[in-house]
Amino acid sequence: MSVGLNHYLFLAAVLFVLGLYAVITKKNAVTVLMGIELILNAANINFVAFSRYTDTDMDGQVFAIFVIVTAAAAAAVALAIVLNLYERLKSINLDEADSLSG
Amino acid sequence: MPVLSANHAVINALSILPTFSETLTNVLFMVLGAVIITGLAALLALVSVYLERKVSAHMQDRLGPMEVNTEIPILKNIGHGWAQTLADAFKLLLKEDIVPAAADKKLHLLAPFIVFAATLAAFAVLPFGRNLIPSDLNVGVFYLIAISSFVVVGIILAGWASNNKWSLLGAMRSAAQIVSFEIPASVSVLVVIMAVGSLNLGEIVEFQEGGIHRWLIWRFFPFNLLAFFIFFVASLAELNRAPFDLPEAESEIIAGFHTEYSGMKFAMFFLAEYANMFLVGVIISTLFLGGWSSPFGSFLNSAPFQVFWVFVKSFAIIFVHMWLRWTLPRVRVDQLMYTSWKVLTPFAFVSMLGVGLWMILIQ
Amino acid sequence: MLYNFATILVFLVFGCLFVGVNLLLSRLLQTRNPFPMKVSTYECGELPEGDSWIQFNIRFYVIALIFLIFEVEIVFLFPWAVVFKHLGTFAFVEMMIFIAILLVGLAYVWVKGDLEWDKPKQVPAQGLLP
Amino acid sequence: MQDIMFYMFAALTIASAGVMVFSRSVIYSAVGLLFTFFGVAGIYVLLAADFVAVAQVMIYVGGILVLLLFGVMLSQRVTGVNMRTETLQTVPAAIVAVGVLFILFRVISKTEWLVKAKTTFEPTTAKLGTLLMTDYLIPFEIVSVLLLGALIGAAFIARKG
Amino acid sequence: MITSAILILLLPLVAFIIQIFVGKRLPRKGDWVSTGAMFAALALSVGIFIDAVAQYEPNNVLATATWDWINFGPVHVTFGFLIDNLTAFMLVVVTLVSSLVHLYSIGYMHGDPRYNRYFAYLSLFSFSMLGLVLVDNLFGIYIFWELVGLSSYLLIGFWFEKDSAANASKKAFITNRVGDVGMFAGIMILFSITGTFSFNEVFAAVADGHVGGTLLTVAGILLFFGAIGKSAQFPLHVWLPDAMEGPTPVSALIHAATMVAAGVYMVGRTFVLYTPDALLFIAYIGTITAFIAATIAIVQMDIKRVLAYSTISQLGYMMVGLGTGGYTAGLFHLTTHAFFKALLFLGSGSVIHAVHTQEMDEMGGLRKKMPITFWTFLIATLSISGVFPLSGFWSKDAILASALGFGMTHPAHMPIFVVLLLSAGVTAFYMFRIVFLTFTGEPRDKKKYDHAHESPLTMTIPLVVLAVLSVGTIWWGWVEHMLVKPELASYGSHVASAVEHAAEEHGVAHSAHTIAMFSSVVVATLGILLSAVVYFWRKISADAWAEKLKPIHTFLWNKYYFDELYAATIIRVTLFKSRLFAAFDLKIIDGIVNGTGRLTAAFSRLQGSIDLRGVDGAVNFVARFVGYLGSQLRGLQTGNIQAYIMMALFAVVLLFVFQQF
């Protein structure tokens, strides 16, 4: 059966859920970041798939690029924060980073 | 797709094989290309190792490897220890592959795969002749830069897998070095792209055909030359060679990230390094020195000569690389970073600006 | 266009194949005598002491960060460069603005001294950077 | 041929994503992530988005993954290999994940998409270039500001830390 | 003309104001102020009268003036003066008697502590009386009507320290008010129909049939109620005898000449309004009053009370005159009566002044002591009894003639004439009884007799002037000509009967006139002779007859027990009602109030408890519940970001699941 739009969407959905699972379960902040990257990738697949399979010409891809770029910026800042967190708490397990105080 | 139809025609013409369906011929041809290129890469690596040792020897007024020879009659009388690297290869084949106990077995094994595969993948895009481009990728140059980032990851993994703080430190350092020199390299490549107007390596070369004066190095006079120089220096750093060979500098941190590697895995890294050197050579010749176009314009511009010119130009560049290795003193780490960020990057942007303005004003 | 990518994929596969074959070959031919001393981590000959990890200077991260931001910038530059010939000066000015903004970033990082790569102070392995 | 490629890449991506999610060690997740990015790049190629594929490889693998690895290196006190990343509340997370998956599948299968598939594979870089410069100029400039902000922010935070 | 009318009206008012505010500090306590004002008004009135006589037109309107008084929305109430022959007559009568009384009071009230206030009240009374006469609309009349009532109340109760005076003034005022209510109702009926108060508009409306027959009769009767109250007619006459408590000049002015005449004047002014039935009603009331008053007067010993009853009786005559269509006769009798009755009162005043007692059995033989008073008194008595040449004869005769005429045309009503004739005789009898008892015979009280002396000049001059006026025979011609009954012809159909009634009467007039004249003279002389026999020559002893006719005597002595009757009925009823209301008020209202008080107290206690336990309880419960909820929820806020994401996603899934079903 030829590969239609739904296949890509299903793939994206699976990736999304895996990413979500990682974000929820992993205690290690970096892994959580990886999970987030995974989620963003899933979204990107959808964008490109729609750009390919519907009549919006290149918008999907441009959007995908912007997502990639923003993801990069986000990852950079997030990681900086994680390092800072590590500096303070000597560990980057998220469940230990639950106090709001300074 | 010109290549495709050409290959098809050639095979049918040869009618060696029964006429296959279109896709099968494509696959067949791809595999053929891949085999040739891989063999070429390996061969070239060995040759350049040999060349390296010969050149560095002669530069230091000594002979270099002379003894190793074979009994085979024709090859025997070449002399000059031509089979030295072949012998080394066989040696490494037989050497024991020591994997440190504390190392992470799987990653230790995976690292060479990633590095070599990435390097080889880069070869797919190189234009050896008008129709001799294994994969005439439209986003060719951009792909090349992307593939180099695979190597970085491979190096970091290698450093980490060997669980040796010196190798890890070496890996991090070489990664940082490659990473920080990648920016000026990319920007200088951009300068070329702006001039040519396409990412396809074939088109870049066709843009430069017709004699040495059309080579990109001379056009838009100062800026392209500046870009060439920046790219040349940046590629040196990315190869971890010569003045920037800090990571596996003998006097510094042992053998850098592949200290814990021995035997065939070490050979793979070594091979990847020299293949990379040749790769950089071809890239520089394609981008700046007119690729397969002969310096004399249309003369000597037929198919075999195109390949000839590619090899001549790339070996010339390799020679310069080697030359620099034994002339320039090693650079300190902070000087390394200084050159990359505070010298090369600004000048790269300046050249880009220059070319841009030049083209706007002239148009 | 798909064909080209296919070739790349084939090249990748052959790359791995080449490495795989060689490693397999060497595994068959090599002599094996792993004894503890040989397999311990190589410390220029001395005994390896302390864990293999030492606290890294934050500098590596900052470098990677700057690299990432500029790489993203370059990703945006490439399509522009490709169509640079056909675009008018207006696009050129736009791009100059784009680059100028990011050069401001570079200047900031430069001024703040994140690019200097001073020698890491000799700190005992276990110690933490202040 | 194309379908085979799709299934191959899809399998690769999902497998590596699985490795990333279910692996104990952070490094293994990183490697998993590497192959996921590579798989996703392959998917983009199949969707005739060549520039995006290469950009994906370049930024994600070359940039973000390197950054993540650096981050991991700099934040791991524990020696060597056994860098366990414990997990918490896995069971409820699994249930919720399956639920969300179920929801997404229903939604995807239920809605009829306005499918108008394209068959040709044209190079996209030139079009992207023009598009970026014309229609998406403002986001383009905003992205530059965003990047500047991210750079300064991250540098500042990293330095302060 | 109008300016003089205004002046006439304002002079007494100004005098009153001056008197009230600065009276005490003026020399001679300001009596000259009010008397002077009165004489000025008299002069002006005589001026107007001369004009009227000069024009010599029957019922001609000398001058009118109207001002807009109230106009809100559709209602336009105008206020103004109407001066015609009737007004001229009344002006002269009122101002003349009033100024004479003022003169007389100077002497009589000499030395009284509230001397100035007395004159102020007199001026007020004159002002209101003049106003009543001048005004051209019903509402105006009503206002001055009340003012007159007020001033009579003040004057009757002048010596308020005497309880009897205070009670008398209250009694007078209340009885007047009862009458006024009827009058007010009548005015309002007319107003509600015609929408206006002024006479000519109301008369025009009546003329062109706007006002329905029965309704007009009812209005007429109600208006007449006012007259009954004011002129002390049959049911409401009880207040006049008690009003004698006031000073004698007051009685003379108010209760003889002017105020009591107001009723008659009002009936005369609004004569056209009365339908035949109303006129019949008036006539009957008049006759009854005349007869009753006359009979009571016979047995009274107090000189002023006798005169009071005689006044009531004479007013009855006037009403009968008007009632039986003798418009001019009634009004003429009013003027003549004003003069001789004023004279009688003032005369009795000087007698009382002299012997300091009002009881006739303590007097006697004062003829020698007070010759002027005696002679003036005798003339007045002759006039009132209807002896031939005097004015009293003419007016009384005219009334009797009209009554007879009426009787002839309506044989059913013949008794009116008979009763009237009888009471005329009785009148003559009791008048001469007074003369004989006071002035002739032996003095019964030696000490008083010696002390008696002729009154000073200020008191005797008015007596003489009045005496001359009482005699005045020559007027009848004028009056007859000047005060012609308003043209009945102008009435609408409903008054047709009145029209033909007048024509007939005209025809019959001559024959009735002669018969009436003859019979009245006979009756008068009989009365006089009978009185002389009993009191002068003492052939028949009054007391013996009193014994013989014991029941009748006591009945008359107690004034037909009217007071007792009223006391028994109205007063007790009112008292009973008041007691009832008081009780009602006490028990029920207070009960209610206390009940609500207690209820509120109980309710507030209840509400308090509810508030304490209920509301506070609820509030505390809510607080505790929220606290408990909070503590439970705190568990959720673990601070673990991933837990939050988990919960959020769980919610999404739940939402989706629910959305499905």
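Per-chain residue numbering starts at 1, and chain names A, B, C, D and E are given in the order in which the chains are listed.
By our rule, contacts are C-beta pairs under 8 Å (C-beta built on N, C-alpha and C of every residue); 3 or more make two chains touch, one makes a residue touch a chain.
Here the structure is a predicted model, which means the values were calculated and not measured.
Under the touch definition stated at the top, chain A and chain D share these contacting partners: C, E.
The chain with its C-alpha centre at the largest distance from the centre of chain E is B. Taking the mean of all protein Cα atoms as the centre, the chain whose own Cα mean lies nearest is A.
Comparing the chain pairs B-D and A-C, the larger number of C-beta pairs in contact belongs to B-D. With centres set at the average Cα position, the gap from chain C to chain E is 129 Å.
Chain centres here are Cα averages; for chain B and chain C they lie 17 Å apart. In this assembly, the C-alpha centroid of chain B lies 142 Å from the C-alpha centroid of chain E.
Between chain A and chain B the centroid-to-centroid distance comes to 34 Å (mean Cα coordinates, whole Å). Within chain A, contacts with two or more other chains are made by residues 20, 24-27, 65, 68-69, 72-73, 75-76, 79-80, 83, 95. Residue positions 2, 46, 48, 50-51, 55, 58-59, 62-64, 66-67, 70-71, 73-74, 77, 80, 88-89, 93, 96-97, 100, 123, 125, 128, 132, 143, 147, 150-151, 154-155, 158, 161 of chain D are each in touch with at least two other chains.
Within chain C, residues 1, 5-6, 51-53, 56, 58, 60-61, 64-69, 71-72, 75-76, 78, 81-84, 86, 95 each touch two or more of the remaining chains.
Contact between chains, using the touch rule, shows up for A-C, A-D, A-E, B-C, B-D, C-D, D-E. By the touch rule above, chain C contacts chain D in their complex via residues 1-2, 5-6, 9, 51-53, 56, 58, 60-62, 64-69, 71-73, 75-76, 78-84, 86-87, 91, 94-95, 97-98, 101-102, 104-105, 108-109, 112, 114. The touching residues of chain A, when paired with chain D in their complex, are 2-11, 13-22, 24-31, 33-35, 37-38, 41, 44-45, 48-55, 57-58, 61-62, 64-66, 68-77, 79-84, 86-88, 90-93, 95. Put simply, chain A touches chain E in their complex at residues 20, 23-27, 32, 94-95, 98-100. Partner chain A is touched in their complex by these residues of chain C: 58, 61, 65, 68-69, 71-72, 75-76. Within the complex formed with chain A, the residues of chain D that make contact are 2-3, 6, 10, 13-14, 17-18, 20-21, 26, 29-30, 33, 36-37, 40, 43-44, 46-49, 51-52, 55-56, 59-60, 63-64, 67-68, 70-72, 74-75, 77, 85-90, 93-94, 96-98, 100-101, 104-105, 108-109, 113-118, 124, 127-128, 131-132, 135-136, 139, 143, 146-147, 149-151, 153-155, 157-158, 160-161.
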